[in-house]
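One chain, subunit A, appears in both complexes that follow, with subunit B as partner in the first and subunit C in the second.
Our next item is the complex of A and B:
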């Protein structure tokens, strides 16, 4: 490595010290504290006991958990899938139109963020109200009966999660679609690919990075949803986030809440760690090719 | 234009300085929502030249958990007496200095004998409350004053229970003829099965949103605290309130001062101010709960005092219980609550 390269390396390290330090103090340490707390005993008055114990781990075999975990996972997977599948064609079309229209459309996507998240969820409550206009419309069209309910069911949670996170999926996919070289599509057509084939085999691999980011930014917050199922979910739409809140606020059992949070954290950390190491080795092997 | 801007900036700055300067004179109150007349608070602010900052909680357990986890900065809290007792035992709230409250003599000492802190060692009673059922008379046919209403499949999806394990499991215990504070496993299991049956018919477990839902026609029947129900009825004549014949929970919400309070003096002045008969009356008229304050009650109308939704008849009182904290046995309730919430 040349001297200049070495210098460059040094400044890179210096620049990354502060964000790394930030992450370490506000992310790594708290995560470890949460995990450590799961091994402390709980006292019935909400304190954290002095002893170390494995009892909390045993309590996690609660027969009620598989159902809640399963519900959390399927709601998150389906909402991520819907977000991605709707965001891909949308991002494709936005990136194909004139630049100035692109900006306007992006503005429309971002503007709702100026309204508080909670207020937007409450707006859904008004929208899906059993005496509301939307419900009346469904009844007039004979799509739903007068007594069926739109709110307080897992489907309502799904709809609101998709609504909340769709822009987060759209923006990174759009960002990579915008950089995508559409001449490649033309080349594919010239080589005999149909529109759909070119879309699937050339465009989608071309925006892979954006897709990955979109999946991560939708799936992880969806797994940890708490407010959405709390407000629009009924008694049978609880997710892990609600259970953690219950353990903390009602049951006064912080170690148990910590254990649940740790499970949630591991559910995210382990797959990402696996993906990262796989990529690391892949890059090492193909590094000489410069890919 | 420049001058205007400058003047505006100066005004903003001086406001900032004033509000900073009065930081010392700020009282932080942590209360239930809709539980005190804003007019009385304004009057207090004027009289003592201070600012009252209100924050709200929706369950005793959440209040406790927050404070236990180290939340501080509140000067006055309003826990229900079972929670006041626990907080005192956990050294989270201060003993009350009676010499600082000249209006303490107004309290109905006979009433508080039934409560958990008859000598007012650590709490001063604010309001007496009980739980019941509020419903829409236009939508609910054949109403009966009973917890069995939650069995009614024709109201499915249009009813709510409180998001409070003690109140909900307690209601089911009463429905089955047991005590509100039962720690008997068999009784709790029966109650659990009752709530699981009810759960099929309710839209959700909720405290504050349920009230708005009842007003807006989203819900037809809700489990609710008596005063909250009366506040709703005053706005919507189609609504009514009833106390279940099987009995219900009685509770008393207290003024307490946390040990971490920064402005204890002002906190005492606040409590004393609220015990003043005139102010207590204004509060009662707003929240529709009965305060155990004798001279204040004398100022209330006959209609208010004899309303069974404010002052329950003796027959109901005899069948009802005061909520108690159960210490280690609380976990029995959380286990039951878990099973209820995750059942299908």
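Our next item is the complex of A and C:
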């Protein structure tokens, strides 16, 4: 290596060492620690025991866990699907109006999400409360009986997850739709496609990059939901995040919490790795095809 | 071909969905009835109760201390990170890139529990300091991404021209690069600041007995306190956010 190259290398390392070092110490090591601690025993003081053991993993054979994991997965899948299916037509509409109105609508979409996350969830609790206005309205209209509950059930969790993550689906889909060339739709109509056919076979493939991003940014945080089921869910709508928090704060069994977190970590890593490799191969292929 | 009205209706429905709960909270904060099944008259009581609560002010000052200091550190680290990612295209930077991306896809609860385990293993006492370390950790990636976006349009030849004309490396950074990056650094800093103000889950895991932040306090009020007082607090926080956003918009407009 030349002297100049060596000098360049030295300054690169000097610049990179502090951010990389920070993330290594406070992100990489703790993440591996979660997996390692799943093989430790708990000590009676709420700390981590000295011995390595497989008992913590055996304790995971709690009869409630498969049900909770299953609920976490289906709530995440359905909320992702609802976010995507409602975001597509909205993004289509927004990207076709005048630029000035586009900016206004986007601002209206973002503004509620400047409000603190807890307060937005709390607003739903107030909204769905058994003694609240909405419930009274439903009872007056005979849509719901006076004894039925709107809160503390999986459907409430679903609605609030959709509420919390819909903008994250809407924005990347809008970003792709805005770049989409709508003349392609006209061409499809001229070639005899119906409205729906053109939408599904021309528009949807045209925005697939945005769709992929939207799926990732809704599905992964949904899997890790903890505050939403905690506040509007109740015991019949617990997700894996609630169990991690309970083992941490109520029983103070950190190894058990780590074992559950390790399961969640794998559930997160697999879809994101799939998406990343897909994107990687796509870039490779489109490069060679010149698209 | 006549356009379908369906996308229009869907957009309207989404906007109604987004604002409905907020409108309810606003009206309830002035309702004398606790859960607001019926309107029992207009009142400011909840606001008086809120302002007489001393713990809120303590939590608020903790929140500000953490937000300011974590923003300061993460802006420096994030900008360095963006610079390295922009300037060098080596194997080290591929690793660096992955390292910066991963915290963005990590669910909060996993980051919270992993940092808790880390601090417990190091026998660090949980408190404002551990919250600060955690907030810096999740902010770095956001700052790096925003600043990197600004770097993408940076013309490196201007920087090299300054060097050729006899500027030292540090002068060129100070006079050319930092002024150019400033809008990106400011936007990244603002994002880090708001993320820190807003964070509940990670803070919840790494906080100690005397380090309650505003979101932690709101959470404990939601569990044990009066919902109407939180309605009042929500209204104040929403108005506060609007004022901050309005001022920062005005500031940016003046600059441009």
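What we mean here is this: the second predicted complex is superposed on the first by the 247 of 291 C-alpha atoms of A that agree within 3 Å, B and C clash if a C-alpha of one lies under 4 Å from a C-alpha of the other, contacts with A are read in each partner's own complex, and residues count from 1 in each chain.
Following the convention adopted for this analysis, a residue touches a chain if its C-beta (ideal position, glycine included) is under 8 Å from a C-beta of that chain, and two chains touch if they have at least 3 such contacts.
Keep in mind that what you see is a predicted model, and the values were worked out from it rather than measured.
**Student:** Would you sort A:152 into first (subunit B), second (subunit C), both or neither based on which partner it touches?
**Tutor:** First partner only, subunit B.
**Student:** Tell me which of subunit B and subunit C touches more residues of subunit A.
**Tutor:** Of subunit B and subunit C, the partner in contact with more residues of subunit A is C.
**Student:** Check the residue A:131 against both partner chains and state whether it touches subunit B (first), subunit C (second), both, or neither.
**Tutor:** Both partners.
**Student:** Report for A:175: first if it touches subunit B alone, second if subunit C alone, otherwise both or neither.
**Tutor:** The answer is neither, since A:175 touches no partner chain.
**Student:** Does the superposition put A:248 against subunit B (first), subunit C (second), both, or neither?
**Tutor:** Touch partners of A:248: subunit B and subunit C.
**Student:** With both complexes superposed on chain A, which partner does A:123 reach: first (subunit B), second (subunit C), both or neither?
**Tutor:** A:123 sits against subunit C, while subunit B stays out of touch.
**Student:** Figure out whether A:231 sits in contact with subunit B (first) or subunit C (second), or with both, or with neither.
**Tutor:** It touches subunit B and subunit C both.
**Student:** For A:62 in the superposed arrangement: first (subunit B), second (subunit C), both or neither?
**Tutor:** In the superposition, A:62 contacts subunit B only.
**Student:** Figure out whether A:264 sits in contact with subunit B (first) or subunit C (second), or with both, or with neither.
**Tutor:** The second partner, subunit C, only.
**Student:** Touching subunit B and also subunit C: which subunit A residues?
**Tutor:** Shared contact residues on subunit A (touching subunit B in one complex, subunit C in the other): 47, 125, 129-131, 231, 248, 254.
**Student:** Report the residues of subunit C in contact with subunit A in the complex, numbered from low to high.
**Tutor:** Against subunit A, subunit C makes touches at 1, 4, 6-8, 10-11, 13-15, 17-22, 24-25, 28, 34-38, 77-78, 80-81, 83-84, 87-88, 90, 92-93, 95-96, 99-100, 102-103, 105-111, 113-118, 120-121, 133-134, 136-137, 140-141, 144, 194, 197-198, 200-201, 204-205, 215, 218-219, 222, 227, 230-231, 233-234, 237-238, 241-242, 245.
**Student:** Which stretch or stretches of subunit B touch subunit A in the complex?
**Tutor:** Contacts found on subunit B: 59, 61-62, 64-66, 68-69, 86, 90, 157-158, 165, 199, 202-205, 209, 216-218, 327-328, 330-331, 334, 337-339, 341-344.
**Student:** Once bound in the complex, which stretches of subunit A touch subunit C?
**Tutor:** Listed in rising order, the residues are 12-13, 15-16, 18-20, 22-24, 26-31, 33-34, 37, 47-48, 86, 89-90, 92-94, 96, 105, 108-109, 112, 114-120, 122-127, 129-136, 163, 166-167, 170, 189, 195, 216, 220-221, 223-224, 226-227, 231, 241, 244-245, 248, 254, 257-258, 261, 264-265, 268, 272.
**Student:** Mind pulling up the subunit A residues that touch subunit B in the complex?
**Tutor:** Spelled out, the residues of subunit A in touch with subunit B are 44-47, 62, 64-65, 67-68, 125, 129-131, 147, 149, 151-152, 231, 233-236, 238, 246, 248-254.
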